[in-house]
Amino acid sequence: MRANNIKEIWRSGGVAVNAWASIPSSYAAEVLSHQGFDSVTVDLQHGMIGFDSAVAMFQAISSTPAVPFARVARNDLALVNQLLDAGVYGLICPMVSTVEDGRAFARACRYPPAGNRSFGPARGALYGGSDYFQHANSEIVALAMIETAEGLENLEGIVATEGLDGIYVGPNDLCLALGVAPQAESEEPVVKDAIARIVDACRAAGKAAGIFCSSGEAAAMRADQGFTMVTPGNDAMLLSRAARTEAARARGTDGVRGTRTGY
Amino acid sequence: MRANNIKEIWRSGGVAVNAWASIPSSYAAEVLSHQGFDSVTVDLQHGMIGFDSAVAMFQAISSTPAVPFARVARNDLALVNQLLDAGVYGLICPMVSTVEDGRAFARACRYPPAGNRSFGPARGALYGGSDYFQHANSEIVALAMIETAEGLENLEGIVATEGLDGIYVGPNDLCLALGVAPQAESEEPVVKDAIARIVDACRAAGKAAGIFCSSGEAAAMRADQGFTMVTPGNDAMLLSRAARTEAARARGTDGVRGTRTGY
Amino acid sequence: MRANNIKEIWRSGGVAVNAWASIPSSYAAEVLSHQGFDSVTVDLQHGMIGFDSAVAMFQAISSTPAVPFARVARNDLALVNQLLDAGVYGLICPMVSTVEDGRAFARACRYPPAGNRSFGPARGALYGGSDYFQHANSEIVALAMIETAEGLENLEGIVATEGLDGIYVGPNDLCLALGVAPQAESEEPVVKDAIARIVDACRAAGKAAGIFCSSGEAAAMRADQGFTMVTPGNDAMLLSRAARTEAARARGTDGVRGTRTGY
Amino acid sequence: MRANNIKEIWRSGGVAVNAWASIPSSYAAEVLSHQGFDSVTVDLQHGMIGFDSAVAMFQAISSTPAVPFARVARNDLALVNQLLDAGVYGLICPMVSTVEDGRAFARACRYPPAGNRSFGPARGALYGGSDYFQHANSEIVALAMIETAEGLENLEGIVATEGLDGIYVGPNDLCLALGVAPQAESEEPVVKDAIARIVDACRAAGKAAGIFCSSGEAAAMRADQGFTMVTPGNDAMLLSRAARTEAARARGTDGVRGTRTGY
Amino acid sequence: MRANNIKEIWRSGGVAVNAWASIPSSYAAEVLSHQGFDSVTVDLQHGMIGFDSAVAMFQAISSTPAVPFARVARNDLALVNQLLDAGVYGLICPMVSTVEDGRAFARACRYPPAGNRSFGPARGALYGGSDYFQHANSEIVALAMIETAEGLENLEGIVATEGLDGIYVGPNDLCLALGVAPQAESEEPVVKDAIARIVDACRAAGKAAGIFCSSGEAAAMRADQGFTMVTPGNDAMLLSRAARTEAARARGTDGVRGTRTGY
Amino acid sequence: MRANNIKEIWRSGGVAVNAWASIPSSYAAEVLSHQGFDSVTVDLQHGMIGFDSAVAMFQAISSTPAVPFARVARNDLALVNQLLDAGVYGLICPMVSTVEDGRAFARACRYPPAGNRSFGPARGALYGGSDYFQHANSEIVALAMIETAEGLENLEGIVATEGLDGIYVGPNDLCLALGVAPQAESEEPVVKDAIARIVDACRAAGKAAGIFCSSGEAAAMRADQGFTMVTPGNDAMLLSRAARTEAARARGTDGVRGTRTGY
């Protein structure tokens, strides 16, 4: 089976730089995957992406050096299995609030007896190779998102779950869970403390710690904090910021060219 | 009929800032269209976009203040008509090399007796309104691309073509036509001269002059040169540059995080 | 944030006329949305529409004055969130049978602390505006369907649920729940009584009351009964009836032209 | 090879009632195809339909008793062949203005030596049967559109073209060609005369005569005039009229319900 | 309502030969459906197929003599209803482990009072006919998959469930459940015994017994064992094996042509 | 730029084994591309594939060792350029009948001054690398199809065309051109002679000679004849034959199981 480069990065003490795809387009995914990321995560929770679009995106990512990941919409055996069968090498599951949640997700990612994944690795075996079944349980990465108050309470138990490779922080939902305004790099002490607790728990348990960030600079800061997977924004954010900047520059510093106003 | 804002910008002496879409995704097109552009051009020549994808992109652009434009793959009555029927308010035609080419394109954009556009404005009348037929000939913008040696030779004749609203420069093909390396803002005198000739011819004829640029800064420079429609890069360029920059920043200034190299 | 016109209609005592889309086509949705409806509901329960098709439909509706609504396939946090993130301004949830069901649905539509919606309003913020998060909880409409016997029993409790804007009646399933043949405007007393009870309960609680109807005439009758959102058939019904009528008319009153029989 | 029911209708002296599909949706096409039409024409000229959408539409039509037809975007061997390979049993070609145009179109529809169709009837042989090649030349219907002034001049020659089964009138373009406002059932004498000439020419030559109409009533009138294929409107017209009617009825005769105005 | 040919085969004591579609393409499904199968099952569990792709596949199958079936991703009322509304005449549900699971699935397939299917048979009524509602409960086939240890324990209870037409064996997951390597025709006694028990239980209860097989030969063997629905591999397996064989043959017996090695 | 493996095979005197894709599915293309072919040709002439489907197919092929090729629908600059921009490394053009045809096609594949390809290698540069422009003219393979009587007459001139890498034989159309029944491996002397002439002409000119075959065995025979690119059937043929065989085997040698007959 093709090795999972993300696991190799972690084994060697490195930090994986991950892209985040919310645009339902295999071409946009391919463009993204060629820009120097270690992995590209197709977001089926908040992205505008259903399963029919996601398959071609995984194929596009597979044509590049980046490792295909996905965020599943929900902690659900059938959805998790569909994405794994479609060839992702890493799965991120939102809203893991209890040890039971974490265990259910981890088991959904593993074939028996380690879990209850159903057999039928259609594209997985194409991308991974004909010995996919023999190695999938150890090569596939499973990351649980801690982003609820209950999830924070159960942090240590979730981190310790067998079959989970680590935690991925959704900072915006975490802010909401902690009663503050959603912001990727919130300066609220309650958020900073929670994030520090998560990194510490992961490090103590020898697990990976990933987080969504609003920029490359923020991602570098998170890497300095100990995160081992950092995501410097998503495709729509990158595209909209770049487009807005260039459109404004096209109008000149005085912004008086053209007639468009009021955005 | 809904007025064509690009024509209003030109009437008031403004410069239209135009986006360029090559990603076959209505969501990417919608993201782009909200960033302050006056128009968004869906590229069916070099973009990864067929007619089936383009229709949803025009709809997405129509949900924003930007005016929907398209570049047609070829100077062909049927293709031009399909895009107009799909509701674009401006068309850019590549490789117009002769006065006959220009006239054929202009006529394809106009209903008889001004031209030979066939009747059936399916989405055009939805977007434009029920009086679409009465006003389409005067509201739709038609821009011919000058990008061949022959086109340059016939510049004045093409510019003067009735029914053409102006010229759009494809600087890369123009470079190739002039025997130099393709570069959007080439410093080669032969290219600079040709571009200056085009702007002058358009201004003299009271026609619009548009051009593709590699950045917002370059677009502002072109506007200063007298261009009245400037395109600061396309979506794939904007996305790839932004992604590459943020991925690199995520790795830190020393670039030593992670294991990915060699892009 | 762009205001929700449906809420304004209700505040001013009006009746919203709603279209129902079951055809997975953004063009059909756009055609429908231009015909004078206040809202257009994309049906992901009984329509032939998955999430990948729905996104472009929401974009098409957004290019018209109609407000984008959706019926979700199931009372599920992840599915509800996906549709809200895709920019709908109203959600209709089938099979709400208990107060718990109603509360779960209402909470899925609201950000904390009012609910447990997850943060990531991708297209929502494009359509709604950059202040989407600040106003989404109050602008988004949530309607629970009462269409089971248990739902009828718990009617008052469901209607009273905080965060629910009203009830939407599925008359066919309601008929089945009451043991009679499914019919949108059933004359069975048990159905008429149940529907009257629902309208009364909504009016008493100051909540909206919507219902699916088989025609415009039936919709006007329901509006007279006190319903504040009426849906005069779905797109496939409208298209098939119109097509059947015109095909028959084309054959003439004697119907003897052509050789086709036996439909 | 499965017989072409349209040819059988014509042989028995009947009039074929044809539907017209402009919505790029296989479900809309299937709905349409079940309403009593003898054929359904997928419009790749003015419809919002590219080849990728059309294939599934032909499949949907093939699941019903209606015969799959298409209007090709242009008189072009490659486009004609693609649609035939996709299984259509009838092709309508726009803008046939000369005998050469007619002959080129007819030959594009026929295998050598009768024409120059290229071999590769992928879906054609699935739908038609394994002996498709042996019978395709005689089963496939080819109709040339007369809708330009030049086409009218060459009417008799075009009608006489070997391999053409008849003429299909595009009344809107014909109006434009004749210098009058486009209207499907124009009362302008010049248009009425032209249409009468076409029917007469077809009848004299023993060829079919088809025409696009704005309603079933108009179609019946055209059948009375001698047309042997009549099309009572297209899907978008049928859907929009029905929707507009029902929306208005839902508002009641006084039209005062709701707040939406100004469409 | 159009009769369900699979039920007729079973009534007459025959064995249904079923195809299995995992490729998200209506054309591939149509090709498959013309090769002599009694039914074609679209796999939404392990196939690369979401609902948006599946609808066109059902249409394509409906244009052939094969009966459209589907495997649903999960035992879920909403998903089951969506597929039935899309016109499938048979549903296969994975991971039925308890009598409650079986009952929930069976009820999801039946309208009240026999079950809790929601009303709205959009494509079902197109394919089945206008009296679909009257006959759907008796024409639709519901098959529960036994493929877990718990399912085996509860075999007799599940088989006896009212509304279930039979069992479908997933031999790979059954192997995993029994602690042996997944193999469609495993020779492990524990697997062979389990499969024999299932066939016996079905025969005793007068229910259908289906199974996935790796080839036509294996399918014939299963039919000899008493299975009444056999599936000789899926489309991707058939295509890959045939392609691999022909590619190898093209290289000749010595395999030395070309430079490709190492697959 | 990524090297073109097909050119390397030819330089080393090998025979390229090529797959042929007519199913519009990136998953089917990916399955095909993993079976040991040197290249996979996406057929936009007789395949059921438009540009929108083709792009994802090229991406899928790019995730495997196979080299992406395409057959263009027509000898047309715009269509040829679109496919090259989409990243194909080889193009096959049908119906090349004259030296002018061949020269036009060859020039469409090459940037100036060697040809008139327009600049904008969107996906080409992603797949090929950032130095795509510098090497594309020499890496891209252009093959002209000889399949008309006129093409045969002009064989030597076409073969000698600068910029053409070789000839690809369409044996079915060649049969039709020669007045015999279409058959991939026709035994008609006139066909055999023509094919021998083509191979000889290619060999004499040091150009590649490709041909479509009906099986791997036939492909091996063609390789023995001197062809340097052989295509053992297309995907739909491979799938249908394999499916038909396995369905028949499932019914047993006596074929009496089941009730389906008459295919």
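Labels for the chains are A, B, C, D, E and F, by order of writing; each one numbers its residues from 1.
Following the convention adopted for this analysis, a contact is a pair of C-beta atoms (placed from the backbone, for glycine too) under 8 Å apart; a residue touches a chain by one contact, two chains touch by 3 or more.
These figures come from a predicted structure and were not determined experimentally.
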Pair with more cross-chain C-beta pairs in contact, given A-F and A-E: A-E
Write down the chain pair in C-D, A-C or D-E that repeats the interface of A-B; the criterion is over half of the contact pairs matching by residue number. C-D
Rounding to the nearest 5 degrees, give the angle of the rotation that lays the CA atoms of subunit D over those of subunit F. 120
Quick one: report the Å distance separating subunit B from subunit E, using the average Cα coordinate of each chain. 51
Return the distance between the CA-based centres of subunit E and subunit F, expressed in whole Å. 36
For subunit B and subunit D, what's the span in angstrom between their mean Cα positions? 34
Got the subunit C residues that touch at least 2 other chains? 22, 24, 27, 31, 34, 48, 50-52, 55, 76, 123, 236
With chains as vertices joined when they touch, what's the shape: line, ring, star, complete or other? other
Checked against the stated definition, the touching pairs are A-B, A-C, A-E, A-F, B-C, B-D, B-F, C-D, C-E, D-E, D-F, E-F
As the complex stands, subunit C meets subunit E at residues 22, 24, 45-53, 73-74, 76, 94-95, 147-148, 170, 172-173, 175-177, 179, 182, 236
Which residues of subunit D touch subunit F in the complex? 50-52, 55, 76-79, 81-82, 85-86, 111-113, 116, 118-123, 133
Which of the residues in subunit F come into contact with subunit E in the complex? 5, 8-9, 12, 14-17, 19, 22-25, 27-28, 31-32, 34-38, 48, 65, 213, 215-217, 219-220, 223-224, 230, 232-233, 235-236, 238-252, 257-260, 263
Which subunit E residues qualify as touching subunit D in the complex? 26-27, 30-31, 34, 55-56, 59-60, 62-63, 123, 126-127
